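Paired with subunit B in one complex and with subunit C in the other, subunit A is shared by the two complexes that follow.
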Partner chain A sequence: MNDTFQRQLYHYSALIFLALIALAPIWVMVATSFKDDVLVQDGTPLWFFFHPTLENYEYILTRGKFDRYLTNSIIVGVASTIITLLLGGFCAYALARLDFKGRALMANSTLLVRMVPPAVLAVPAFAFVTLTGVDSDLAVLTFFYTALNLPFAIWLLFGFYKQIPVELEEAAIVDGASPLQVFFKVLFPLMTSGYAVAAIFTFRIAWNEFILALLLTGRTTRTLPVGAAGFITDTGIEWGRIMAMGTLIVIPPLLFTFFAARQIIAGMTAGAVKG
Partner chain B sequence: MTVLTQSRKPRFAAETMTPYTFITPAILVILGGLLYPVFMAFYLSFYDWEIGRDLAKAPFMGVDNFVRMVQDPQVWEVLWVTLRFGFWTITIEMTLGVALALLLEKPIRGASFFRTIFILPLMVSPVVVGLIWRYLFDARIGWINYYLGAFFGIEPQVWLGDADLAFFAIVFTDIWQWTPFIFIIVIAGLQALPSEVVEASTIDGANWYQQVFLVKLPMIKSILVIALLMRLIDVFRGLEVMLIMTGGGPGRATELLSLHIYNRAFDTQQLGYASAISVLLILIVFAISTAILTMANPMKSKSDV
Partner chain C sequence: MSGVSLQNVTKSYGSLTVIPDLSLDIAEGEFVVFVGPSGCGKSTTLRMIAGLEKVSGGQIFIGGRDVTWERPKSRDIAMVFQSYALYPHMNVADNMSFALRLAGTPKSEINERVRRAADMLELTDYLHRKPRDLSGGQRQRVAMGRSIVRDAYCFLFDEPLSNLDAKLRASMRTELALLHKQLERTMVYVTHDQIEAMTMADRIVIMKDGVIQQVGTPKDVYNTPVNTFVATFIGSPSMTLLPGELSEQSGSMRIHGSGFELPIPDRLKSRAGASPTKAVTMGMRPEHFAAEARTEAFAPVNLEVKVAEYIGSSQFLAANLGGQDVTAAVEVGPEADLLGDGQYYFDTSRLYLFDRETGQAL
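Right after this comes the complex of A and B.
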């Protein structure tokens, strides 16, 4: 009894220690975002303090173009997520359930295209911009994010389809349902957790991505990460403001984590553990 | 259609048409947004195209860009930086992640809460990760210098201005962000092990070390290899954290291959040459991905069950 207690004590101490390491840098950002410039420039670490200032947030929300960046990020994130789930859902369904020529090739190549490095896309994206003159269209960015996310979404949803027993669809087909009806009426309700996982991963990529957003957006179409990087200038960094921006950017992914940690872990481990 | 398939699949009347209507939209987007750019990179790698120059007037170079690449000491330098970065980050992340997973695998109350905390670093935008650590490593107001001075009496260091220290800084940052990934994956693998096997080894008198090194680790070997290869691919794909933290400097001390392509293209403005290096990057990532696929392709193995 005593022995188990001691082991649990060690176990919890280790977990708490690790949790603090994971959290500390994020907390430093949040704390810095509530400091005025004098406090930041002082350089003495201050984890908690009594007079938080909102002036960094005030500056960002009123004098920067935060609302514009936020709107752009939400539009691109939501649009690319919905399109990715719809097209990816269709494709994964066909791969999991239907027989067709080229199925094996497609199943094999899906994971390969998933690995295309963003740096490889940078120059062609720039070429696209100079050739077409379209350099600040959110639709273009949405299209690239959809392409970037589709392979992983297809692969993830494929795994979820495979867990649904075929009998359900067979019954519907015998009753005369078309493939589309099977997809939306029979399978969709059973796939909600799969779509939730795919949605989180897709939205997160679109929300966080920087390189393509930098190349494909103009003054009015910048997304949040591009806006944040704009605070880095040759003359220095206004740490309070940029940390306030960083804190605001991190809020949605952190909320996802707290509400859907199980799904995120499922998506992360799906690649290695189930294979 | 009379061919016997091992798998059970629902049969629709118009079976030859339907699958293609389901996959075509996704394929078109992937072709346009991923494969066309890759093709474009190959195409551009044969031209001397620079920012500000009309692409139609860019001179055809044949394989000159590739010849130049092979002889370019900068390319070799960043390849070496990338490999060193990969070696240190992956070795430390795997060791730490696996060790922690082995120590903490026993299910206890609150484990899921801690796991939620651990994946937070993975969810933070790379740009924000770069910003946070650039601040922490700042020479004048950074907290790392402060604590090193307060606890160990170490003089303030110009972390991001010194080649070795900057390299250490990006390795450290990567370890902070990605060790949880290994930890989470390995824990999932360990908890999925059939308990009979582990119990049997206990009955046979195996001690903790024997159990770890002779039973548990060998049984999750494929998980470990896949996790390692996934991290290796990320080493070749990532650039945003370094772009924000150091921009690749000082010199090229923290310039990974991906970041080098970006800097070549948009800093020195040699788009054609940057594309040639992109082709090299594509080939490297393709080789690693193929290795992963031959070991485990869930879409292939499960489809015939």
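Right after this comes the complex of A and C.
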């Protein structure tokens, strides 16, 4: 055995080990979602060989309000992602390009806001809703998710904008581009990676968020994670159904990430400047 | 008046004044090079002509039109940036045609103009490549091509060659000069490299601290620098400045200082005589030293050679003259051994005199 082979062996062993750790819970979820109640309560951990049933899926798709929860989740996730990217993009651009008082402080402190766990915001958020009397739960949730995600999006996009040489914009201006043309024809094509990464993160966080959603939504405005938690009842926890719901919840962000990640091209600005 | 004209242009950032008051007329079709050390305001001036910086005062005319408050796009200019600023997501053809496409030029005309510019710059084979797949020199040419297809009234260059290696820079210099001949457009070029300025310019503008020191042809600024700054900035290796005293003995004016006493050339006699001060600075260009006296004007000087650098038919000497550093470039032919201490000759007809206080040429 030569050196490189041995090193590769170590590398792959480590990677496989990590992958197993990451994937095991997901497998348990998926496996459990195909088990009936008896099997779940059985206690013997059956990982692979059992008689699968679609009973859980059938139940949540036909008897529950899965479609409504899904719609709510999509509305809140997509809306907050779009607003976050739009506002965050503007802020990031301003921080990266314009010179104004307190710019450095702002650029560096945006992330601090991100350090606050959402749970801490639960009580103030609830108070806000009660005091203002806003009655559209989804709008409120979109608002809070946007607020929650903005700092990270700004910070991320700020880094991407800073990588784009300002001469590119100037060249476009001299070439006769209007501010909007500079943005859409020069900046945005170079920023797709940044926006894609920001979109993945903001959408995922909005999609998975539980505490604020639990607190701020009602019977008809629940999002999927809150819906899933509904199977924790006084009479027991319906593991099979929760896991089936969990499995379904995972799919949209997975598709979304897959799509968005294709926009991420490393070294997009290579060749813009110098030799 | 056509061409480019700057009238009492000023530029300040807050309380910091970068350009106190700058006026300059550039004739139509002229190739003018702004040169000066970094921070002298040459790039700022160029960017004000381009419209990328707003003036704090004064007016700018391009082609006889007051463009002081016009946007860059309506100034009829094209600009080449130091960093090239190629659009990385567009191929060469798209980079070159970007401005035309924005302007809504018909497709057939765009193709024709891109083809012609690509021909001129030998980029035809690379039209479909992205900038990242090009070498530094090719990128530089694309940046030029991008401005050529515009067919603008005035071309602006912001240190376009400073990212290239020495060899490529020399050949691009030639290409640029050729380009200017072919296009017959007004060109304003900014550089910190006096060689670029000397080789390409119709006229050179030498700047320092936001103030124009001298405007003139390369010959002018080399032969009659107005002050010590211009004298030392233009020419390579640069001029040696030595303190000296003017004196007059039996009708002949001389200058003497530590380790030398030289006659004042005829061309400077009257001005030296009229000088209010006897304390002057003498300027000696390295290339006016020689190993032997070629004319009567050559006067002997004793140089203590610290280092001799062989560069072919000449040698650069880092020498000592009466305790002061002197640079000399002595032509001795490529076969000569490295030069040492001894008597050399200086062409006193090429001597320069400056007021020691003000630095102004006598």
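Definition applied: the second predicted complex is superposed on the first by the 231 of 275 C-alpha atoms of A that agree within 3 Å, B and C clash if a C-alpha of one lies under 4 Å from a C-alpha of the other, contacts with A are read in each partner's own complex, and residues count from 1 in each chain.
The rule we apply is simple: a residue touches a chain if its C-beta (ideal position, glycine included) is under 8 Å from a C-beta of that chain, and two chains touch if they have at least 3 such contacts.
If you're wondering where the values come from, they're calculated on a predicted model, not measured in any experiment.
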{"item": "Partner chain in contact with A:Pro189 - subunit B first, subunit C second, else both or neither", "value": "second"}
{"item": "More subunit A residues in contact [subunit B versus subunit C]", "value": "B"}
{"item": "Partner chain in contact with A:Asp175 - subunit B first, subunit C second, else both or neither", "value": "second"}
{"item": "Which superposed partner A:Ala147 touches (first subunit B, second subunit C, both, neither)", "value": "first"}
{"item": "Partner chain in contact with A:Phe158 - subunit B first, subunit C second, else both or neither", "value": "first"}
{"item": "First, second, both or neither for A:Leu70, with subunit B first and subunit C second", "value": "neither"}
{"item": "Touched partner set for A:Val129, first subunit B, second subunit C, both or neither", "value": "neither"}
{"item": "Subunit B versus subunit C as contact partner of A:Ala107, first or second or both or neither", "value": "first"}
{"item": "Common ground on subunit A, meaning residues reached by subunit C in one complex and by subunit B in the other", "value": "170, 173, 268-275"}
{"item": "Residues of subunit A touching subunit B in the complex", "value": "8, 11-12, 14-15, 18-19, 21-23, 25-26, 28-29, 32, 40-45, 83, 87-88, 90-91, 93-100, 103-104, 106-108, 110-113, 115-127, 130-131, 143-144, 146-148, 150-151, 154-155, 158-159, 162, 166, 169-170, 173, 178-179, 182-183, 204, 207-208, 210-211, 225, 228-229, 232, 237, 239, 242-243, 246, 249-250, 253-254, 256-258, 261-262, 264-265, 268-275"}
{"item": "List of subunit B residues in touch with subunit A within their complex", "value": "5, 8-12, 15-16, 18-20, 22-23, 25-27, 29-30, 32-38, 40-41, 44, 49, 55, 100, 103-104, 106, 108, 110-112, 114-128, 131-136, 140-143, 146-147, 176, 180-181, 184-185, 188-189, 192, 222-223, 226-227, 230, 233, 236-237, 239-240, 243-244, 257-259, 261-262, 265-266, 271, 274-275, 278, 281-282, 285-286, 288-290, 292-293, 295-303, 305"}
{"item": "Subunit C residues within the subunit A interface of the complex", "value": "50-52, 71-73, 77-79, 81-89, 98-99, 102-103, 130-137, 139-140, 146, 150, 163-164"}
{"item": "Footprint of subunit C on subunit A - complex, ascending", "value": "165, 167-168, 170-177, 181, 185-186, 189-190, 267-275"}
